[in-house]
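The first chain written gets the first letter, and so on, giving A, B, C and D; residue counts start at 1 in each chain.
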Amino acid sequence: MDSVDRRDFLLGLGAGGLVLAAGPAAAQATPAQGGTFSIGLQDSLDTLDPTFSIQFAERRILHLVYNTLVSIGTDFSVKPELAASWEIENDGLRYVFHLQDGVSFHDGTPFDAEAVKFNIEHRLDESVGSPQRSRLDPVIDSVEVIDPLTVAINLKTAYPGLLGDFADRAGFMISPAAVAKFGEDFGSNPVGTGAFTLTEWVRGTSVTLDRNPDYWEDGAPYLDRIVFQTIPNTIIGLQRLRVGELDYVDNLSPDDLRQIEGNDEIKTEAFPVGLWYSLQWQVDKAPFDDLKLRQAVAHALDRDRINQIMMNGQANVANSPTPPGLWWSTDAPYPYPYDPEKARALLAEAGLEGGALTLTTPSTPIYRRLNQLVAEQLGEVGLSVTLEPVESSQWYSRVVSKAVNFTPMSWSQRADPDGLFYILFSSKGHANTTGYNNPEVDALLDEARNLLSPEERKPLYTEAAELIVHDLPYVPLFFSASFAAMSQAVDGVILTPDSIPRFRYVSKSA
Amino acid sequence: MTDPKTPPLLQVEDLRVSFGAGAHETRAVDGIGLTVERGRTHGIVGESGSGKSMLSLAIMGLVPDSGRIASGRIRLGGRDLAGLPYREMQAIRGKRIAMIFQEPMTSLNPLYTIGRQLSEAIRAHDRRASAREIRNRAIELLRRVRIPSPERRVDDYPHQMSGGMRQRVMIAMALSCGPELLIADEPTTALDVTVQVQILDLLRELQDETGMAMIFITHDLGVVAAVADEVSVMYAGRVVETGTARNIFEDAQHPYTLGLLGSRPRLDRNLHRLPTIEGAVPPPFDLPPGCRFEPRCAFATPDCAAACPGLRPFGGNHLAACFRAPVKEIAR
Amino acid sequence: MLNFVLRRLMWVLPNIVLLTFLLFAVVTNWLGSPASMMLGTDASPEAVAELNARYGFDRPVVVQYLQWIGNAATGDFGRSYATRQPVAEMIGPAIPVTLELTFWTMLLAISATLVINSIPVGKHVVGALTTGISIVGVTVPNFLLGATLISIFSVSLGWLPTTGWRPWSDGIFTHLQHLILPVLTLSAYYFSTFSMIYRAEYRQVEQQLFVRVAEAKGISRRAVSFLHVLPNAILPLVVYIGTSIGNLVGGAVVTETVFSIPGLGRLFVSAIARYDFPVMLTMGMITLAGVMLMNLAAELILALLNPQIRL
Amino acid sequence: MTAVTLRRITGLTLIAFVALAGIFAPWLSAFDPNASGYDILYPASAEHPFGTDDLGRDVFTRVLYGARISLVIGPAAALIVALIGIPIGLVAGYAHGRADQMIVQVIDLFIAIPAFVLALIVMAMIGASLPNLVFVLGLVMWPEMARLVRGQVKSVRERLYIEAADAIGCSRTRILARHIWPNIMHTIAAQLAITVSTAIFTAASLGFLGLGLPPPAADWGGMVQSGFDYLSLNPWLSIAPGCAVAMTVMGFYLLGRTID
């Protein structure tokens, strides 16, 4: 099923304290050359134009066809990519990027400062209609070409997430000449600077990418060809992996792994940080404007049971939006432990015993499972819950337009706390779909945004997190456990914490 | 009449055609004997349900799948055809024995031209003939059955022809391989009276030309009188009387034959007639225990209900199956 | 004949126009602004207004429809809201896929129907067997059959690929290998419906006198069955296929989904799920046109087979 | 026993079997069809004859309860088909000339629209729920019924005695009720049984495409779909509800199929 991507990666400046397990990139000294790498792809693809891409699955291909301005590592650190280095000036209001020399697009046109300027202005152009515009427009003031390999971006306001955006969709550099040539068809004829070029795209079936012989990074790529093959579900993906039709399948749950237990030819790896699963509602609208109802729901949910059933107990129950182990993590106790009696009492106080709720259910299996458990548990405290199915691809736009009041949600983790906290919980956050507006939280987040050192910022986020968890715009549920399975012959898949595997440096031994 | 040295063309002996098995067994044809000499015409007369059509199908080897030849022999020039597999019969059907049917309107496949259907009959027994040759032969056959401008009509579809024309086509088809025996199953029944006469004339002429023998099945004694040399009268699966045409028409012995003769409209004579036979032929699954005609017979005695009479001679080859025969005297 | 075809086409066109207009009106009224779908979620009201004006979504439905149908007549069906591709480009590659799937399926279903039900030997056994199979075939849903076949031949035995579609360029063997299970699944249903209709008619035709006549000519049983009974018994089947092709589309939708075949059925389902209106509309039109053309084709075939019908 | 009788008896037996399973579900199974459990995707065992699903629910129990849903959807949809299709068919069959022509045109127009595709579109638009599903099924299936009824009325009318009744001045409703209806009743009843089977079949197909009843309803089509992901862990998850659909559909189909 399609899933609209909102696991946007927002990277901060000070990723200092966080070290996650390094990916398998460094495992092999001399990667094998050549071969075809086949990947099972469950989601559908709409476009390979990063300006318009909103499907999550598209980005694993975008990372092959294009380069981003900067990149992130498995430890959330920002690394050079097309920008070899950069300076941040003027108290974070001006970013100057020094570009790699000698990079050209697949069509032979050079990648230079003008190209960067075109890319950013293209996304800002209202008539283009890029979904990234609303994100960038309030932040970016102007783009200046200083010399062919130097470009400066002036901001309207300090924005610690800028580099994160440039490691992500806003940072994919497309060929201005190709945009002029293909116009609206650019999405089917992508031209970037990446390690692979699009050879064939049979919609709904496969995407074939061939190695870019002129790729600018030393050595890479190692493979001759990467093929993404559409699979209808994981069972068929795993089946094809077993018979060798595929080399790689991911998005696997702990239950899925049971199907390949004991197979020596297949290895599995866990994604480093799971998605933050939660329930959200509109706190400024009946019935969820009643804190007692929200608390009753929180008390009614047995999150350990949910973890046990959905994730085989391998997920981490979430007590706040932040998983343990990050520099801004807190170990504050969760104020709403599983307590059905208390939930009933709260409902009685609120006069909502026997109430009826509608829980929006996107057509993704995991949400469908989650919602049935939620409905069951809320049913036990006397709340009758109707599940309203919504096609996945329609779901998030309905959440944004506030047509949905009560829905499950999942967000990927960000390298900087400003990432999730600001967009979700600030009243000005662009992804604040709950109507949550707590001036105290706003003040704390604004203040933390303009500070640089983690030590100074941590207390502010800790306080904000406590307020947020108390106010319950979201009920935190768990951080998921998600796995990738691949042939033993495969090396160099990088499982980043943004849940987008990177295949650029993959090699395959014969 | 009968040359003792050469066997008759067709000799049917004690033929039984059964449907079903065990307690459910019914006999559509029950112990029939029949002899057809070369070049002669044997008429078979009976009401519908008497088994005369099944007899002809049995001779053709076309008993429906649900039935079978239970016993008896069908000798064609000495060779027994009964029980021959479909495949072996294939070489005989159409080639040595041909058949024409009652309903010319439905006896041709509506999807094919008559030329094609004729060609199929020719090719079935002559695989070496060229397409042109076959077509010429088809046209020639149409000419022989007096179809005007056969070169044109050969490409017509059946629905473009009248009933009489179609019956001529059927006859042409039957003649295509020069059969020794032609079985004509009520060939004129469905046609207008004037056309009937034409078709009968045609058959007679063709018989003179080719010297083939004919089994002519009908319920119409008038027609039999016009064509047959020998006649057998069938009732409920059995032959009740057989003999020369003269025997039957002038010296009928069996009450059923007399009944048939009586029920025939006669314009030439205004004789006192026997009452039309009441009732219908009993179905093969519900036969009376004794003489099968007993329930309808004006002359029946209790003996008739007790046992089934066999054929008895009444001079020469004239046979009849009745305990009370001759009955003419009784009737008078 | 030509006259007849033209007359019928004159009748088909207004029907398509009427039905697509209904679809158009219903969809635009129910789904709200196509602009918000095109711009995505965080579109500003100004952008929506501008796009509305640019694409003319603010005009009356009739005007919009006329424009659409006008463009459609020149082969321009607009662009997909979801993929921004021209609709014709999206649908184009799906057409041969579905056509090929349909071709093999029909070939298998029709030839199996005709052969199995016309074999002159062992009629009782074969008859009882096909009646049984037919009943199972029309009542077992495609997805169950598909799932069972996948679970047996792909998952357990590993003989055949599970799902997917490979183009001819991947090699004929690979291509056909991926076709086996979907074609089997789909033809099971068709074979069953076809068999029922054909068998009933076959038995009627078999009783006809001309069949007896053909046998009396001394031709083989096979020739009688296939040259005389079959061509007559096939006529109602032709009519049925022509008039019910639309209902057969449903099976293709499910089967293409089960086996992830990038054909029209799956495209249609995904367009419906995403409210991808231009694709939906074009697919709707293609389906209707297909149904009506199949009706016409059936009549023509019937006329070709049966000399008694004059057009 | 004729083939038709044999089929009817088989059909009724299947329907009775499914109906009894649905009615006595609480007695046949100790489990709650919607209660989750910790035994996720267990294969078939004595305790769970069809194993458990991805929420640890007993598949056997859910298949049993699913009978209730199917046996509501099928007959309810057939009722709607009857309420729309029969009157229109009767009117068209009895009307002469232009009126008949117009109704036939409308019926033909609707028949030209592939029923399943129409059902897909409408379901996607109005959203899944039991009443919506029944409504959509009724909406797409009535033209077939109308066409059948019209044909039946026309053929009965052709028989002389209706003309005679017409001639002696019987009212139209009286003719319909006294002369036509008794003659076509059996055909319509058979067609209704077929309609029930088609409705259940279509509902299951919609469920399989994700447009059936929302979870946690024990909707057979939806169960097949969600079980598809786990065919190798517990094939019963898809196969058992799929077979239940086939059995029910076959039951009604056999009941309604009067020709060979």
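Of note:
Heads up, the rule we're going with is that a residue touches a chain if its C-beta (ideal position, glycine included) is under 8 Å from a C-beta of that chain, and two chains touch if they have at least 3 such contacts.
This one's a predicted model, so the numbers in the text were calculated from it and none came from an experiment.
Contacts with subunit C and subunit D are shared by A.
Minimum number of contact steps separating subunit B from subunit D: 2.
Farthest chain from subunit D (centres taken as the mean of C-alpha atoms): B. Closest to the middle of the protein, by Cα centroid, lies chain C.
Counting C-beta pairs in contact across A-C and across B-C gives the higher total for A-C. If you average the CA atoms of subunit A and of subunit B, the two centres end up 91 Å from each other. Separating the CA-averaged centres of subunit A and subunit C is a span of 40 Å. Note: centroid distance subunit B to subunit C, computed from Cα atoms, is 53 Å. With centres defined as mean CA coordinates, subunit D is found 44 Å away from subunit A.
Within subunit A, the positions touching two or more other chains are listed as 232, 235, 239, 363, 391. Within subunit D, residues 124, 210, 228, 231-232 each touch two or more of the remaining chains.
Among all residues of subunit C, those that touch two or more other chains are 150, 155, 257, 273, 275.
Pairs of chains meeting the touch criterion: A-C, A-D, B-C, C-D. On subunit A, the positions that touch subunit D within their shared complex are 232-235, 238-239, 255, 258-259, 305, 308-309, 312, 361, 363, 365, 368-369, 371-373, 375-376, 386-389, 391. Interface residues of subunit A, counted against subunit C in their complex, comprise 2, 4, 44, 46-47, 49, 52, 54, 126-127, 129, 131, 133-135, 184-185, 187-188, 202-205, 229-232, 235-236, 239-240, 243, 245, 363, 391, 393-394, 396-397, 400-401, 430. Contacts from subunit D toward subunit C in the complex involve residues 3, 109, 111-117, 120-121, 124-125, 197, 201-202, 204-205, 208-210, 221, 224-225, 228, 231-232, 235, 238-239, 242-243, 245-246, 249-250, 253-254, 257, 259-260. Listed in rising order, the residues of subunit C touching subunit D in the complex are 15, 18-19, 23, 26-27, 30-31, 131, 135-136, 138-144, 147-148, 150-151, 155, 199-200, 203, 243, 246-247, 249-250, 253-254, 257, 268-269, 272-273, 275, 280, 284, 287-288, 291-292, 295. Taken in their complex, subunit D has these residues touching subunit A: 34-38, 40-41, 54-56, 124, 127-128, 210, 214-216, 226, 228-233.
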